[in-house]
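You will see chain A twice below: alongside chain B first, and alongside chain C after that.
For the complex of A and B:
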């Protein structure tokens, strides 16, 4: 990976990005452009979730709740208060960041299971609260949101979400290859050893959780102004299960594989529409089998087989 | 508020607390022995409800027999889950054991929930209650289905406590909870004890689901909210502490019922009923993270 002027993975990555950028030019119909745009949103969620799980070793079940909080924040700020979107979407990131900071400070000093327990409770209770505050949020009917663009054309949304995804991945990648990424790895492998070597373990765990929450919040903010409707169902446990499946199926130990998993599962979800609920049953079964037998995920295993086959030649 | 209304709420809270205790006890038992939080616990509870529904309403078994079928069925399911998915952790077959345990049980929850959605659909089913009708104590009126289910719940809790306290298997469970390696050295089969603990935990969850089914209805997502209560309870009582789980359950039952009465705006108070647990959870995490009866453990 290192040492070469251009690594094969970088070529592969550039190829995938160019592929997605070029797809609409080859007459991909509107419907699938719409689906892929949703896929990019899920890719942001799955990759930022895997940043916490795969690199720091902490699991949050509040990731879609954070996205939902971001979505509601931006919709309420732009709708009820009339703030412009370039203000309301960063506000979404700020609010979810504060929520992440608060939960992180409560739980991340404790055993890893506490974050899971607290975030699953937090997530359901946020959903209940938003459903119950009918006057403000219109409950389960949901709130209408203004669009990012004036046009009803799908293409601007497609390219903006692709760009947002790439920017998020770039920021995460830069963090992971900096000293902070080393701290994360040290915490994941052995917290006590990391602490004894001077890594501020709690601080960096809180940072990772807050940071991934901010990304989820901003993604939720953008998503709200793309689908133009936010409803409490976007923060259900089922939805969290979908994001987890995306990250695990793609490969939760690598943000890029997790992102690809997000796009793949969203496409599959649409392609297998006629089998209804059985889709999620199949995804859940895939999650269990992959965790047990191929923890690197589909793309992780794929890249590994390709690179080991190439190695002797 | 009158004394009568208050005592009615206290009794309601007590009954709910007993159901919570059944679910939380299993969770605590599993955590104690295997050191994992079972994120599929709510779905085991849901399965218990469905087994009860199928056997009592569709196959016409007497309700008490159907509860026992649900218990024993879930016991077997729990042992199978431990053997297939959890035991590999202890045999060193998975890397990243902590993350694996959380994700695999959550994945299992997803699988069971969607499987039941696919098979039975999202509709609610109301199975036969053990006893319908009402019981009047002076001015107090308690609905019979709740009271009979809660009584059976108390019997089950006592049976589990007896089992843990006085039988060899119970001693093995407690020994492995304290120290897996040392227990193995003195001849306890840790693998079998793990299966037993998961089986018992699942059976308790199944019992809770079966007993509550006639009151709160049976449907694929019925476990989501109750299991969150159980999570709050085990953190409140102390992760892995069996008496803590029972105490925590009784406290949460009271807090929810009394808070609902004390908040003046009734519709909103009811809507937030499930949220009071989170307030409790935050308080515990801030002031007593090890829980009421938990042991202080090293941060990790």
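For the complex of A and C:
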């Protein structure tokens, strides 16, 4: 046995990435390229939300608000102040990081329902403030944004968002496999025990909240310059419910499964467009059933089943 | 020897209940002290104050000359105070080895490989090697108690606070735990041991402190404390402390 055997999961992951990279080469039409690009955006949101919820055990309903803060920051910086996008998008990450740090310091000593309710309140404050303010944000009309590229071709956006998703997943994975990931697991399992063993519980919870906010903010910044419009609706509770559904359906205890959940649900959302808002009811029902019968999510269960079948009797 | 830990007039209240009432106490470096008392006497509350989980209303606690009252538990762990919990708090969804790596990696100067080697050696000593990569949720109650011991060993503590480590533990495992406590103590680690298992307390400790209603009612050598009228009275109806529940 060599020590360099490639794990089946790594092969599967490489296959999935290659598949997405190759899809446009096999005649995928422009409409589905557009849908998958949005799917990659949701994959970043679902995976970074799952980092906080699945790995640290802390709930947040403010994730799409962070994405919205990032989107507005980049659009205002590039539109109103004329900053180039290579400044405005990192600024989006910085501003959401500061917002995440502030909220983290304020409420991560809270637990369970209290933390959840506080993040909902924060999210609604941000959304309503942006809606009510008109001079700067144009309220519910939203703001037009410049595109990432001068071309109207969807393909550069598709590959850019795929690359951004992969970079985000790589950074999250590196953090999770470091000692910080070990501290996250200890905090999720038992905060008191973790603290008694020297883990700086509050510091790492705030770090997790801030880091996942930065990822959401940067995703929001890129998204704004893809759809070329930002509006308060991207921060609605319904939108948060969608991201939550994506993470849960994919498997929120694993960033990669959550990301796949984001892409899957976005594709299903479009494929089921004929049934209108009933789609959301179907997704909500899927969340309930998956939480009850497959807490590792669809992809978690799939990998578990495949691993069990391959294991020798 | 000089006092390693000193508490002076510690008072802790929960609403109208005074859990600790003017508790003054000292432990010298390398001592093994038993802390006894009926249920609700304040033993665990005292450990929670010493380990940073509770802030006292009044009084001070100093460890190696520095005040520790109100400091964070993680800070105190770094300063050399480690503890176990009455209800075992292992990290159930991660592996047995990873349970040991958590405290091992809180010191950023220690490489993961070094911590893993130390963890493997500790698991060998605890006779848990065959469970190294097993999820901790699959351990028995006694094995979970041993794992808590192992996590404490990873910290190389100067003072260990043990809260009911023998509850529900098989006699064979209990003997192993006794040996480990003696071994730590031989190496110079101070220990405060809470237990209702009077056999273990009298077997292991060279000094016993008895609490009742949050007050120290006896403090001395085991043979003196076991005959102390106040202690006998606290364990209502008992002919001797060994018979106490």
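Definition applied: the second predicted complex is superposed on the first by the 307 of 313 C-alpha atoms of A that agree within 3 Å, B and C clash if a C-alpha of one lies under 4 Å from a C-alpha of the other, contacts with A are read in each partner's own complex, and residues count from 1 in each chain.
Note that a residue touches a chain if its C-beta (ideal position, glycine included) is under 8 Å from a C-beta of that chain, and two chains touch if they have at least 3 such contacts.
All values reported here derive from a predicted model rather than from experimental measurement.
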Partner chain in contact with A:197 - chain B first, chain C second, else both or neither: second
Contact breadth on chain A, by residue count: chain C or chain B: B
First (chain B), second (chain C), both or neither touched by A:284: first
Which superposed partner A:124 touches (first chain B, second chain C, both, neither): first
Which of chain B and chain C A:237 touches, first, second, both or neither: first
Touching partner for A:179 - first (chain B), second (chain C), both, neither: second
Chain A residues contacted in one complex by chain B, in the other by chain C: 192
Parts of chain A lying in touch with chain B, wherever the complex brings them together: 53, 57, 59, 61, 106-107, 109-114, 116-118, 120-122, 124-125, 128-129, 131-132, 191-192, 237-238, 241, 244-245, 248, 252, 276-278, 280-281, 283-285, 287-288, 291-292, 295
Chain A to chain C touching residues, read off their complex: 179, 182-183, 185-186, 188-190, 192-201
Partner chain A, residues of chain B touching it in the complex: 31, 36-37, 39, 85, 88, 94-96, 98-100, 102-104, 106-111, 113-115, 117-118, 224-225, 228, 231-232, 234-235, 239, 268, 271-272, 274-275, 277-278, 281-282, 285-286, 289, 297, 299-300
Chain A partner contacts - residues on chain C that touch it in the complex: 51-53, 72-74, 77-78, 82-83, 85, 89-94, 98, 101-103, 105-108, 112, 151, 154-155
